[in-house]
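Here the structure comes first, spelled out in structure tokens, and everything after it is commentary.
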Amino acid sequence: MIYFDSDYMVGAHPEVMKRLNETNHLHTPGYGRDRFTAEARRMILEACALPEGDVHFLEGGTQANLVVIDRLLDHNDGVLATDTAHINVHEAGAIEATGHKVIAIANENGKLTAEKIKKYVDDFYHDDTHRYMVRPAMVYISYPTELGTIYSRDELTAISQTCNDAGIPLYIDGARLAYGLAADGAELSLQEIASLCDVLYIGGTKCGTLFGEAVVTRKPELLPRFDSLIKLRGATLAKGRLLGVQFGTLFGGGLYFEIGRHGVEMAMNLKRVMMEKGYRLLIDSPTNQQFFILPNAKIDYLRREISFELWGPRGEQESAVRFVTDWSTTNEDIAKLAEML
Amino acid sequence: MIYFDSDYMVGAHPEVMKRLNETNHLHTPGYGRDRFTAEARRMILEACALPEGDVHFLEGGTQANLVVIDRLLDHNDGVLATDTAHINVHEAGAIEATGHKVIAIANENGKLTAEKIKKYVDDFYHDDTHRYMVRPAMVYISYPTELGTIYSRDELTAISQTCNDAGIPLYIDGARLAYGLAADGAELSLQEIASLCDVLYIGGTKCGTLFGEAVVTRKPELLPRFDSLIKLRGATLAKGRLLGVQFGTLFGGGLYFEIGRHGVEMAMNLKRVMMEKGYRLLIDSPTNQQFFILPNAKIDYLRREISFELWGPRGEQESAVRFVTDWSTTNEDIAKLAEML
Amino acid sequence: MIYFDSDYMVGAHPEVMKRLNETNHLHTPGYGRDRFTAEARRMILEACALPEGDVHFLEGGTQANLVVIDRLLDHNDGVLATDTAHINVHEAGAIEATGHKVIAIANENGKLTAEKIKKYVDDFYHDDTHRYMVRPAMVYISYPTELGTIYSRDELTAISQTCNDAGIPLYIDGARLAYGLAADGAELSLQEIASLCDVLYIGGTKCGTLFGEAVVTRKPELLPRFDSLIKLRGATLAKGRLLGVQFGTLFGGGLYFEIGRHGVEMAMNLKRVMMEKGYRLLIDSPTNQQFFILPNAKIDYLRREISFELWGPRGEQESAVRFVTDWSTTNEDIAKLAEML
Amino acid sequence: MIYFDSDYMVGAHPEVMKRLNETNHLHTPGYGRDRFTAEARRMILEACALPEGDVHFLEGGTQANLVVIDRLLDHNDGVLATDTAHINVHEAGAIEATGHKVIAIANENGKLTAEKIKKYVDDFYHDDTHRYMVRPAMVYISYPTELGTIYSRDELTAISQTCNDAGIPLYIDGARLAYGLAADGAELSLQEIASLCDVLYIGGTKCGTLFGEAVVTRKPELLPRFDSLIKLRGATLAKGRLLGVQFGTLFGGGLYFEIGRHGVEMAMNLKRVMMEKGYRLLIDSPTNQQFFILPNAKIDYLRREISFELWGPRGEQESAVRFVTDWSTTNEDIAKLAEML
């Protein structure tokens, strides 16, 4: 069986695993006060060119989202996001459970736009009753988006500027950031992205680690007493160095970027194979998530040996499907798929 | 340097690490729907003799506590616990953040008593204004306790009966359960403990895994829609099989119990060494946490080569200290300590 | 100055005020355990033909909504409502602050439809990932709606049936219920409405009292321990009898219905005057809220002597406006308006 | 029947009722943006000698407490209070429901002490693990206390200074403040109290109004966006002027202080009568709540014609009881009691 279901179906990249093994017998202080975590923090800030910034490591994406968003918002504030945003759809109401509204705005190819943000904020403040409404107090976007798309430099700059003008922070969910950085046609570097937003989480789980996400901010004062809030949500890892060791491996020598490039290369090969066989794209994604429309008969046939995700029916004869690549995807996997198409 | 600070300063037991390596390249469904998780669940239920029960795997102890307690309580309910309970002292207000009061009751050697539970509940219902008070609606105890002590069979049976009579669930935090089962003088087996409470969490982090806790219940109906609630709190591990693989290793062949026995053996050796040198116990613990009162000068001297936790001053010349053992503690470590005492 | 801004700008109906004066010197038990509250409860249940039902009195509408919705929902559940619903727009995030998502659905003339509810619920359960999504677990509608419209018997019956089929409760916000019952073309009686939903709040504030809303349910078991939850939210009135006295006056002899009829009669007169003068309706409301499109110059002129609400610009020359009537509106008020139009 | 059960069993003081009647037919803007509310705010700030301060009106005490405390605390913060504090005992967990721990400290005659506050805060910051503990971030006291006692000038000054040194706000629950100001031996004026704390709520419900509490602060910046937070909790009164009218009556000509004096005079008469008959005090209260120990037989006899609160058994033959006076208590009531003693 070959697996294209998602990018969290396999363990860690062998280099990461190797470092976990090498450090397994060491004794270090708990809760992230160890040297591996300190070093990983330093490496990430260097990679982001944010010498004055700070990094906090958490275990998973929903956790990172809920702790960051709850920290950035005041009482009665909401977070602007697309209707397709992970926080709006697939986190079981985690944001609302912290007391905050996700203000959903219709997406454009999975993306928010500066115009829509500006309009929402302007309309809000022009409403005489706004003190009895949920205040739009931060913006959440994902990069790449839930549909695999990415923002151009102009798009992200405009969003960043709009947030800045409105005095509200911009938070980027980078669960699959490695693939966004390596995307076909990507204009934005990690340093640019990190400087255009206020808080960014760099995903590990889908980009080479067993688990773990790094929350990076260029303005540490935005996340006061963040360690206590992480603990409050049960998100403090006792053996915190595991996060440091893993992220240190990713960022010590460029492995993170390499994983991104590999995933995207495999995804582009996969897309090419599909298109050569005449299958249509559901959306044109330049990253490691690829969406196609396939005949149901073909889907049934493929599933004998290839695993992937059904994304919903498209009429009676066809369905949308998602294929995802990661560090473990090989050219042999793609060849096998090509053979069966 | 030799480390006795805590039982979460080292990586996973080598057997656990070995299984993580062996399974690293496999692809499996995410979120705990894999075969390793299913198998670990089966093993744990067998070890607990709860064929009709259920197991949920979470990443850490505070997380397990907050998700379980929030699930078991209705609006305006509180949880009875000792004043020294981890949920009352060291979880940063995690339980209150879910909206519930921790009703703290003075401990006796770190323990709650059936009498105190009964008195609190009786007094509550005899108070005419009780519908405007926080309802005592569940009991939390830790086994072993935060002070390393354990409950006798009579004590736990009485608590269980009292909870049952009051119609409120009993929840046991077993962060260090392995050491409680192997404790010097322990009367209770895992099966007995699991049957005397309604929900139990079996700790992995401090007993041989990298991370992870197994929430076990003999009454699955007590935790309805628990998967959604776990996700809501950001506590769902994407690569959920990591928990299954680790707990499967612990419970597949008795490793969990062996780790407990080793930790307690080391702790008893350590206690003996201390007492032979004439140092006093702060509390007489039969498990892997040992508390002593040492002269400050001796503490300073030891700390050159041995790391342990200061538990607070006792007068001007002495302090209480905590030494903790785990799977990685060796007789050489104890010998080195003896040499320096 | 004549006021049409809203229906909460004047005090209580003289009959209500009279009873408050008459009972002011009496001593009665607090927190709603008095005879006036008991009597008002009985009267309301009789008016609703719900002898087995229950009534709880609260102080305001947002309060009633947040306490009821929080009570009806389980963890990770959301409430379906229109995008224009009061709970979605004008309660400052009160529902989210209790941890629950308002699932907003595009309104049709301010209304939800059975079809949309059914589709949302069906789609949810057909989604393989639904256990990580917010469960649609109750429906909120307002009667009349925020746009003044009302549901026909067929419409409400279909919604009620759909909710019943889906096993989720239907909750009706009746802040302006009196005007809905008396609406031009209204098909539904109080008894029908109360029997078609699971929980209903009958508004007092906008229908003749100083403050206060009566939460009615035909299934008391849906609101277990509701008194404690009301207190938890700070919504328990110490001098609880004030609610009983006021609602007893409204429901003791038909005053509630009379107030509704008077408000609607005035509103219909006002609408007639506007239409005779050639002004367009923004929406055709049969209740006490009337929405028109007026030239901005006319608006400026009217505002010299008449107060009403600007509802937002409609192009450069015109704006939407809202006029609201209540028990205190007189034919002289309408005549004065007519004169200035 | 004569009633001494509590101070919320009767309606409003006749002067308050008179003003409500006189203003009932007026139309004013809602939500507290009316001239009566503005005027009451001005009067209260003048009475408190806080020209730079601010006042917010809420409906009830639990509501005021939960909104203020939630506003003053950051995530993971707790509020220090006595074990007998209303927020710790009789508000159904309202504070915890906003996510915050009530840190209960053993009371001394119903009071907190500066020493205990200082010790708790010092111990907290000396604990190495404090970032995983609940931060003591504000102090709550009631004046008078739940046991009727009051703080001396030295006591309150010391508490105020301690809070100031620790950088945490002091909040005073003045549900019965009028009686505290008029207490036998009271050293503190309203102006002193208002200047020694950061936020104070001046109770109306128990001191002459139908309902309502005025939250006063000398530092408006401590309560940012407070209107939105009040709405979020469902605590915004639509006909907000009712609060303004009532508090304007209390503070327009000294009525508030007069009510306090009357209540205390009646309470002192009542105490004298009890002591003359040889009954013991449970606690020596100088305010309108009086606690005695009476023989059970006498209690049964009195209850034929006099209503008061049982405070709990004291041995087999006696019980503690509470008698409360208010604006409606008369010398005839006391004489009747004396006659039956």
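Chains here go by letter, A, B, C and D, matching the order in which they are written, and residues are numbered from 1 within each.
In the analysis below, a residue touches a chain if its C-beta (ideal position, glycine included) is under 8 Å from a C-beta of that chain, and two chains touch if they have at least 3 such contacts.
Given the structure is predicted, the values throughout are model-derived calculations rather than measurements.
Common neighbours of chain B and chain D, by the contact definition above: A, C. Contact tally for A-B versus A-C: the pair with more C-beta pairs in contact is A-B.
Equivalent interface to B-D within the set B-C, A-D or A-C: A-C (over half of contact pairs identical by residue number). Put simply, the C-alpha centre of chain A and that of chain D have 50 angstrom between them.
Chain A and chain B have Cα centroids separated by 33 Å.
Chain A and chain C have Cα centroids lying 42 Å from one another.
Counting partners per residue, chain B has 75-76, 91-93, 97, 99, 131-132, 228-229, 231-232, 236 as the residues that reach two or more other chains. Contact residues on chain D toward chain A in their complex (touch as defined above): 31, 70-71, 74-76, 99, 131-132, 135, 224-225, 227-229, 231-232, 236.
Taken in their complex, chain A has these residues touching chain C: 75-78, 89-93, 96-102, 104, 128-129, 131-134, 310. Here chain B touches chain A in the complex through residues 1, 3, 5-6, 8-12, 14, 17, 20-21, 23-30, 59-67, 91-94, 97, 205-206, 210-211, 228-229, 231-239, 242, 307, 328, going by the rule given at the top.
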